[in-house]
Amino acid sequence: MPIRALVWNEFRHERENETVRSIYPDGIHAVIAAALAETPDFQVSTATQDEPEHGLPQERLDQTDVLLWWGHKAHKEVSDTVVERVAARVHQGMGLIVLHSGHFSKIFKRLMGTPCSLRWREAGERERLWAVNRSHPVVQGVGPSIDLPNAEMYGEPFLVPEPMETVFISWFEGGEVFRSGLTYQRGAGRIFYFRPGHETYPIYHNPDIRRVLNNAVRWAYNPAPAWEDVAAAPNVPVDKAPEKIEQRGPALHRPGEEGFR
Amino acid sequence: MPIRALVWNEFRHERENETVRSIYPDGIHAVIAAALAETPDFQVSTATQDEPEHGLPQERLDQTDVLLWWGHKAHKEVSDTVVERVAARVHQGMGLIVLHSGHFSKIFKRLMGTPCSLRWREAGERERLWAVNRSHPVVQGVGPSIDLPNAEMYGEPFLVPEPMETVFISWFEGGEVFRSGLTYQRGAGRIFYFRPGHETYPIYHNPDIRRVLNNAVRWAYNPAPAWEDVAAAPNVPVDKAPEKIEQRGPALHRPGEEGFR
Amino acid sequence: MPIRALVWNEFRHERENETVRSIYPDGIHAVIAAALAETPDFQVSTATQDEPEHGLPQERLDQTDVLLWWGHKAHKEVSDTVVERVAARVHQGMGLIVLHSGHFSKIFKRLMGTPCSLRWREAGERERLWAVNRSHPVVQGVGPSIDLPNAEMYGEPFLVPEPMETVFISWFEGGEVFRSGLTYQRGAGRIFYFRPGHETYPIYHNPDIRRVLNNAVRWAYNPAPAWEDVAAAPNVPVDKAPEKIEQRGPALHRPGEEGFR
Amino acid sequence: MPIRALVWNEFRHERENETVRSIYPDGIHAVIAAALAETPDFQVSTATQDEPEHGLPQERLDQTDVLLWWGHKAHKEVSDTVVERVAARVHQGMGLIVLHSGHFSKIFKRLMGTPCSLRWREAGERERLWAVNRSHPVVQGVGPSIDLPNAEMYGEPFLVPEPMETVFISWFEGGEVFRSGLTYQRGAGRIFYFRPGHETYPIYHNPDIRRVLNNAVRWAYNPAPAWEDVAAAPNVPVDKAPEKIEQRGPALHRPGEEGFR
């Protein structure tokens, strides 16, 4: 069974800014999709923000195993309905890889529950991502560190929950550090935040970065069937209790009534 | 310096249901507030949902160290504006204690990023909360377990993120289990979810439950000054970088420009 | 590439106690090995405590991907040398599945750093293991809970570190609860503790338990090459620093000297 | 009630090396103890490795709330008996602060269960510790970062378990990063690892470092009474089960018999 990866991109800078277009003429999504297509059992497609429903109708998400998300200047224009739809699919088991400036996307903030804020500087400085666990699936095929000659700086504090695992920590020439690779589990879904990816540098052309993206898709894939009623809160009636019990005392709900939510 | 605890209650069942009123004639909030008032250095007040702004205007929250939240049938009527206001204060350092059916409150789901769903049964069955760490501050003064003769059942799976600490796990007569005491850190704020509290049983009159509530307020209190700009993402200009660097390569943002969000 | 699973058993009760022998005539290891052999790409073998070096010479461990450990009455007789050898292999990436009374094995205590103590009762009572995350790889093919008609009780508090994930929580007829499935990462190795397995009941003949064991072997398998120098603390000399720096100030170590340990 | 802090030091370099002696003429422990004595409710004492029982007889540890540990060249000479004694006290609730080269101490490796290895360089380079959570109790009174003009470098990967919280991450002039402040809970005891402290630089004279040490002692202090039987695994006989049950099926242990360990 192939893993169905969907690369989502805001796709604005590439159409508006000459520098970005020169690096990503067909959009960041096209370059990432090409990187993923190097893995034979990945089935890769793309979607962009200005398509109807941002290219993410329900049936599309239902057929997606892992979603990659790149957004920046138009976070606010993403529809809340679509955000809830994506969050629900993550809870059901879809993997999600949030890239770079996606830290401030609605979907990432929605799933983290925190501000997801950080410090930043766009100076083309050197970045070095250190692998904290060299044996982590996401790090395979990459050396002890990844060096990027030009990068936007993101600095701590990064306001996210403690992760399940810290996979990468970045060093920046200008003196800051950042937790650049973090894993989370939310419901049945796995989430990987991966920092690199500023649009004015050819980050997604870097072979190590492409390797990490491929690894991350495989890591985030949950082969279990979608947990469709993950958000339901079913009543377990007295006569269906695993152990025999009898109704005692006063009750607010009538038999068979649904719970409040 | 006293710890300023604010007990928030939906306060509907007590006014509408005779059984609930007989247990909590002045409201669940009144009984919890009385429990907290037993601790000399707590300064306790209450607020209810049907007050203007749900009793939670900004200045009130700014003067609150720990907020306790009981809601059930009217979660949906809580204003999103107030939910965001509370979330922001938690990120800045306010403690939050979410009680019982508050698992489905907007504020808890907002901070967890998950469905917060569970299974339930209202049969007045026996519950026993086991302390997983007997030396945890929240458990002090309570024995190895707390026995409740009549309780609503909540059963796993409970769809929340892995907690910082599992403090209590419940056994139910009908055969289920539940993680009944969980701690989280979100931004500068500490969160404690505490399961007991069904409105048709006198749970908040139980001395052990009252002790846990008192302990939890102290545990959730962060004496650090409010982290007011916790959600800001300030630019660190090149000439303010901790290490001397020079601007290199192309940039999207002009000097001094704000970031996107 | 097959996954090489090695089932290790103390193998004393089966030779000394008629009840245990009647359930496991060839030893618990034989039954578990047969369960794992149902998965085509597993290559399964066994070792027992009374073999030379407990059946765990270095070359054997070097060719093991996942080790399963069942011990009880002879924990103290396990050689410290072998324990260190196993711990080193886990740090390098070998998976480890610790079963039932293995909670008090030297290797589990060595890797947890805590007492690993608990409460217990051998009364043949009912146990029900609830899956906390139904989409976890370890839980696939098993329903929302696993019911065991007769089990030894283990009760909280269970003195282990907070796990990476709580996978199962047990309900016991006698009123206790227990975190029965817990995951850990230690170095490059994944560890799964799985509670069921008392020797006087046919636990490892139960299809659900067998499914979990198979799932757990796959989950614990780390395909990355062994991290052989995981315990080394190499010096990075000044002229090999990623960034150009110059030696400054006093130093304790002479150039090229090894660090203390 | 004062908090009883005990500063433990190997105290070899200061007696053997002129550079170290010039910075710490009475030993590193004396300088740290003086730093802690600035807090009125701390009751501070010291112990060194070459005292009988390393200055850590049982009764001394029983009267210690928080132990600070500095060791380096003589880790191997620390008695295993004393290490087990300290570990047992941590499990019972004593706080432990492990400093700098103590990452390779027997007690830290004992409590972590991992190699605790890292990369290092002694070049007097610049270090900057970034606070990941500015509102954490350990960070109070310190700015967003602590700058050290001369430090030994420690680099990732640092082979420790995922922490409860990452409090500090260090940037090094030579290009590496390190998780320099990490919290753990083991049994009833809290552990803080704090990286700075190389003996050839006046690190413990730095006011920010002294502030962190004071904060860490308060954070690590557990006011709960010592959990004396934390390592015991008591049998709960059938007639003492919280729920009424009857003995069923075969049993290995006779009534009242102790468990194996």
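Labels for the chains are A, B, C and D, by order of writing; each one numbers its residues from 1.
As a convention for this text, a residue touches a chain if its C-beta (ideal position, glycine included) is under 8 Å from a C-beta of that chain, and two chains touch if they have at least 3 such contacts.
Since this is a predicted model, take the numbers as computed values, not measurements.
*Asks:* Would you pick out the chains that touch chain B and also touch chain C?
*Replies:* Per touch definition, common to chain B and chain C: A, D.
*Asks:* If you average the CA coordinates per chain, which chain's centre is most distant from that of chain D?
*Replies:* It is A whose centre lies farthest from that of chain D.
*Asks:* Just curious, how far off is chain B from chain A if you go by their C-alpha centres, in Å?
*Replies:* Computed value for the inter-centroid distance: 27 Å.
*Asks:* In angstrom, rounded to a whole number, how far apart do the mean CA points of chain A and chain D lie?
*Replies:* It comes to 36 Å between the two C-alpha centres.
*Asks:* What's the distance between the Cα centroids of chain B and chain D, rounded to whole Å?
*Replies:* Once rounded, the distance between the two centres reads 31 Å.
*Asks:* Would you pick out the residues of chain C that each touch at least 2 other chains?
*Replies:* 128, 133-134, 155, 162, 164-165, 171, 173, 175-176, 185, 187, 242-243
*Asks:* Give every residue of chain A touching chain C within the complex, in rising order.
*Replies:* Touching chain C: residues 93, 128, 133-137, 140, 145, 147, 164-165, 171, 173, 185, 187-188, 222-224, 227, 242-243 of chain A.
*Asks:* With touch defined as at the start, can you tell me which chain D residues reach chain C in the complex?
*Replies:* 13, 17, 19-20, 72-76, 87, 91, 101, 104, 110-115, 117-125, 150, 153, 155, 159, 161-162, 164, 173-176, 184-187, 198-201, 230-238, 241-243, 245-253, 259-261
*Asks:* Write out the stretch or stretches of chain B touching chain C in their complex.
*Replies:* By the definition above, chain B touches chain C via 128, 130-134, 144, 155-158, 162, 164-166, 169-172, 175-177, 179.
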